[in-house]
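Please find the structures below.
Note that subunit A is present in both complexes that follow, paired respectively with subunit B and with subunit C.
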Partner chain A sequence: MVDATVNAAAQLRRVKQAPRSRLRRFFEKKSTIAFFMTLPLILLIFTLVIYPAFYAIYLTTLNKRMTGTAWMRNCSYLPDWICTYIPFGNLQFLLTRETFWMVFWQSCLFAISAVILKALIGFIVSHFVHNVPSKGQRKWRGMLLVPWVIPAAMSTLAWQWLFDPSYSAFNWILAQFDIERISWTGVAPWARFSVILVNIWIGAPFFMIMYLAALKSVPDQLYEAAEIDGANWWQRIWYVTLPMMRNIIAITALFSTIVTFANFDIVRILTAGGPLDKTHLFATWAFRLGIEGGDIPLGATVSLFMVPILAVAAAFILRDITRRGNEA
Partner chain B sequence: MTGTTIDKAGPSRAAPKYGSMKRDRLWALRWSYFFLTLFAIFFLIPPIYMFITSLKTSAEISAAKNPWWVFNPTLSNYIELLGSPIYLNFFKNSAIVSVSVVVITMLIAIPAAFALSRMRFWGSATLATGVFLTYLIPETLLFLPLFKMFAVFNELTGIQLLNRWWVLLVVYPTLTVPFCTWIMIGYFASIPKELDEAAIIDGASWMQTLIRIFVPVALPGIIAATIFAFTVSWAQFLYPIAFTTSIDQLVLPVGIITTLIKGDVFNWGQIMTGALLGAAPPLIIYAFLMDYYIAGLTAGATKG
Partner chain C sequence: MAKKRITRRQFVAGAMASTAVIGMPYVSSAQSAGKLAVGLWDHWVPGANDASKKVIDAWAAKNKVEVTVDYIPSQGNKNLLTIAAEAQAKAGHDIMAMPTWWPHAQSDLLEPTNDIMGELIKKLGNVNGTTEYLGKLGDKWLGVPATIGSQLKGPCTRIDLMKQLAGIDIQALYPAGAPPKADSWNFDTFLKAAEACHKGGKPFGIGLGETSDSVDTAGAFMQSFGAALVDAKGNITVKSDAVRQWLEYSVKLAKFFPADAPAWDDASNNKWLVAGNGALIMNPPSAWAVAKRDAPQIAEQCWTHGFPQGAKGRFAPFLPYFWNIWSFSKNKSAAKSLLVAMSEPDAIAAFVAASGGYDIPAFDKMTTLPTWANEGPPKGTLYHYPNPHNHQTLSITAAPAPPKIAQQIYVQATPTKMIVRHLQGEPMERTLAWAEREVEGFLR
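On to the complex of A and B.
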């Protein structure tokens, strides 16, 4: 924060000196060099991120074989000039399919419940880690972050095996207590539960690490002052910890919302969308339709439905980050 | 129990009637350890269970015995996998791809971050924000247009990218470069201005300033970014499963899933061994460079 003001001051000084100093003469050359230094980055972003993003929009207007436009069909409720000239056939097809709406709700349920639980668990665990003497903190932190470090595809395989209906682990424990075995990935409610559980298992450590970093940045004096004023632990959390951590809590949650909403690995490996598409998310369904089903335009249309939610989350993150910059 | 433990953070509460502050704190600490142990068990069960299963034979796995214990430990799964050319090829592909992507990422990200943080030019602030936004675009949004783009590219130029492992060298940098640039901008911004001004006045070129001064000083940041790029490329699953299909072109995560699972036959002992070996490189890096790993993890939101 001090840095920023110092930098700004230095810059101001430089601007004032500019006409006299040799920086002025240097300017032309400097901007050229800078441009060439960023050129690979710009090319990469434009050809492999921005262009495909717009290409996806174009793809949604094509028919399955990508030989012609996917016009809207059977839309007696719309005027003719809209119906025959607007290439939203894929969109129309999706919006009239029950599976699409199911996938839509499943994605929302998955993302919202997983993010909330991850944030909650991360918050609680970070407090526990913060409590133990700092000598032991490293060890605990190291252990608790392991789920985040293991590649998601590998750990999901382990979960698939833990959930195995006939041979294994969880059902064996249940059997010891004479509880009927559960078909973890075979029936819709349990399959959804399993998918969310695995996501929480992978993501909660990330929240834990972020919140722990935030907790450490809260000055002790604030807690001391709160205590002198007679605040109990709940008031201390509510009036000191949460306001101080608000920005990190928000950024972490928003970032996780994007990643969770766009998740692919877990559902793909654990249930492959089954049973009967009851666990599909936008990403896995787009993969099923686009790559496995060979209908790339339809798949691209499905994946574009993620954009509004991602855009809202991204806008909030950007706002918080720039605000942080200003605070500092 | 959260209550008691939170108390620890800011200890003495308006002296309770019972016990001393010290005893209160001791109990809070015990509760903390208790719950940390519970969470540690929850977080470590899958990797431990992977390890347990990897030591079992198929016969023992299908016997209805306690799955949480190994009765006849054997290394046969490891020997079989490490002797199988197919599996070693997955490993080789993954290693080549990840290391090359790290190199490509660093070659693109470090100069760009230097230019964006030190050599202000027209649009540099916008570009920095744009880089961060790019990092927020998930790969699940782009894999279908990219797939079609590569197919069209093949028709136009005759260069086949689909179903070749080097297609991953083209697409992985889109996942790693934005974030690495972003955190490198943060690291470079924390280097005092006087340092590069002195270098420039002494007649160093911008390139020399970057290589001789910024790279050594920001080395911790570069290590963190390298670790990030490596783990992301090692773990990436969607792009390889969408773009590669032939067995000899697969990388490790996809290879394990497509070759070790044959139809409905799951050879769980081997799958778990393969998964554990596949998880080993990131875990080893993490074990030795934990502080850098965590610095890279938290840099995204705490810097900038």
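On to the complex of A and C.
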């Protein structure tokens, strides 16, 4: 009798506790814990990335006064569903502007030339640093990273003084050798050279440090084996170093292309896009149109134009990296 | 039990009463305690912000309103970013200082100020045409013309160099304390003087860049030829004889500017003057004020005066600021009351004095304050700065085009780009065709 009573009480307790246990089990699940632990990050990404991205897309669909939708005009050459239902009016307008195509070309020139040169300089300097005895290597690494760690806006201001139209320090040096002064930021080719040079100066240390890390991870045995096989310096670079660094080179180039393509501060401070818009990039031109010109939808369209270009580049490079990863 | 029927009139009266009760918490007069957030332009003159703070604090104490003031710098376009952000968020300050084109750009979100502007004009005199062009949409005043930050970009001439190299006594043309005797100060004289100073190694420091100072000068010259890229009705008028004449003259003149003028920004002309490199720049007295501090011997030789006379008049660039009330402000009546207090003659005089004469009120009766007559050295150097004798028409580049189109012409620096393109050898008709295509894009 007593046993029966105890059993009944235990059963009742289990029945009462059942829902609570389910809840507890839910919270004890690894996936739930993982979700809650990542929730702050999810919220942060939603607030700072996803919402602004969708808001920017929304802005591109608005007309100049932001009172209605920017529908396309005279677009009978397009399928009806695009022409009538997709609000690409701002994009359609942009594609007819010669300044837009100039900015497009300049952004490509700026990003491609700067990334190639940064990669080349980074590669060469990383080899120099790699060959410095380990005792003094830290000092060199630290010094070479200085351009990269100084805020770009600050160092560009210093460069602005060096390139100043009237009081350029470079021109002063040229004058000492009776060489005619150069209008660094007043003539298109020199202005483009100047902004690319500053970008290389700031960005090359990033490549250097990444390549240095990659170099350090290449096993010495591979070089020893290559040397035994009679490989010369160039063959060691071509058949050992480069294949071993391929993924790092690709990721660094991709990352740098994205950052360089979207650069704002260097051009804004050094030339503000001039002369005659010949150094504008997408970001600086978007700022000119959207903030200074008060045409926020058009500015948003210019800045979003970068997204598909960079997405395609990223897809190609990442696909290549994944493929190589699978091969390995 | 008899049912009481509600008549239509009773229903309307009841609904109105309910609306009033619901809306009551948002209605606050200047006499009631309330809050007000004010965003003012951060003045570059040290201590100038204190003058506005003092006026605002006195008004706040009298009216028992809790006022917070933010001074927002224009460096890096911080003020434009704030305006754009508040317009998007429909929240922020109650009163916002907006430069030149921004009241029109945000016109849908601004509280009309006709009620206070009528009184202010009655008391302080008419406002100049540019202020009306930029501050009014149809019959609706979009804000109150602000003294703080409003500036005129006339010539600032080196007395000694102009006399020595071009044979012009600028003080005789613009005597302190008296009306100008500047009939001979015309475009021909200006061109000859530019050539003489260039030959003498002290070229006029006028930029051809894409920033405000360069664009303002190019625009004033354009208007003096009666030229415009777009007329008041929005028609494109690029390929007109007046524009051709302006472009031809501008290129002739630009040949005597520094070789790197296309790369100049708004600091370049100031540095040019302070370094003693040139005989004339186009600027408000900020360059002179810096020279007074850093190169007093140069400041003593500076004289601010009017523009040269062109075929269709004498135009000078005026860039007004406005104090605007957002339509989403919850304390509009207090905001209006504060703007009236900030537009009192004493307050205006205090702002002008605190800025060392840099700020110019838009109202007719306020352009003869003692500050401009007394500032120096040399004494009277700023006497003609606020256009006290209405000797020139105050204008802004790209006027009289509808402001939203004009803003694009101004911001994209179309006039200076035209000059640079033609200066660098592009045939005039090709430059005009390029400008026409650009302007077509601005009309969208």
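Rule of thumb we're sticking to: the second predicted complex is superposed on the first by the 265 of 328 C-alpha atoms of A that agree within 3 Å, B and C clash if a C-alpha of one lies under 4 Å from a C-alpha of the other, contacts with A are read in each partner's own complex, and residues count from 1 in each chain.
In this section, a residue touches a chain if its C-beta (ideal position, glycine included) is under 8 Å from a C-beta of that chain, and two chains touch if they have at least 3 such contacts.
Because the structure is predicted, anything quoted here is derived from the model rather than measured.
After alignment on the shared subunit A, the placement of subunit B and subunit C results in a clash.
Once the two structures are superposed, subunit B and subunit C can be ranked by residues of subunit A touched, with B on top. In the superposition on chain A, A:Arg288 contacts subunit C only, with no contact to subunit B. Of the two partner chains placed by superposition, only subunit C is touched by A:Ala272; subunit B is not. By the touch criterion defined above, A:Leu48 reaches subunit B but does not reach subunit C.
Once the two complexes are overlaid on the shared chain, A:Ile296 sits against subunit B and subunit C alike. Once the two complexes are overlaid on the shared chain, A:Ser183 sits against subunit C while remaining clear of subunit B.
Legend: residue contacts after superposition of the two complexes on their common chain; A:Asp229 is shown touching neither subunit B nor subunit C. Comparing the two interfaces of subunit A, the one with subunit B and the one with subunit C have residues 167, 290-291, 296 in common. Of all residues in subunit C, those touching subunit A in their complex are 77, 80-81, 84, 88, 101-102, 105, 108, 209-211, 258-265, 268, 271-272, 275, 277, 404, 407-408, 411-412, 417, 420-421, 437-438, 441, 444. Residues 2-3, 5-10, 12-14, 28-29, 32-33, 35-36, 39-40, 42-47, 49-50, 53, 61-62, 64, 66-68, 107-109, 111-112, 114-116, 119, 121-122, 124, 127, 129-134, 136-149, 170-171, 173-174, 177-178, 181, 189-190, 193, 206-207, 231, 234-235, 237-238, 241-242, 253-254, 256-257, 266, 268, 271-272, 275-276, 278-279, 282-283, 286-287, 290, 293-294, 297-298, 300-302, 304 of subunit B are the ones that touch subunit A when the two sit in their complex.
The touching residues of subunit A, when paired with subunit C in their complex, are 64-65, 67, 93, 96-99, 165-167, 183-187, 191, 271-277, 288, 290-296. Of all the residues in subunit A, the ones that touch subunit B in their complex are 3, 7, 10, 30-31, 33-35, 37-38, 40-42, 44-45, 48-49, 51-53, 55-56, 59, 66, 121, 124-125, 127-132, 138, 140-155, 157-159, 161-162, 164, 167-169, 172, 201, 204-206, 209-210, 213, 215, 220, 223-224, 226-227, 230, 232-234, 236-237, 248, 251-252, 255, 258-259, 262-265, 268-269, 282-283, 286-287, 290-291, 296, 299-300, 303-304, 306-307, 310, 313-314, 317-318, 321, 324-325.
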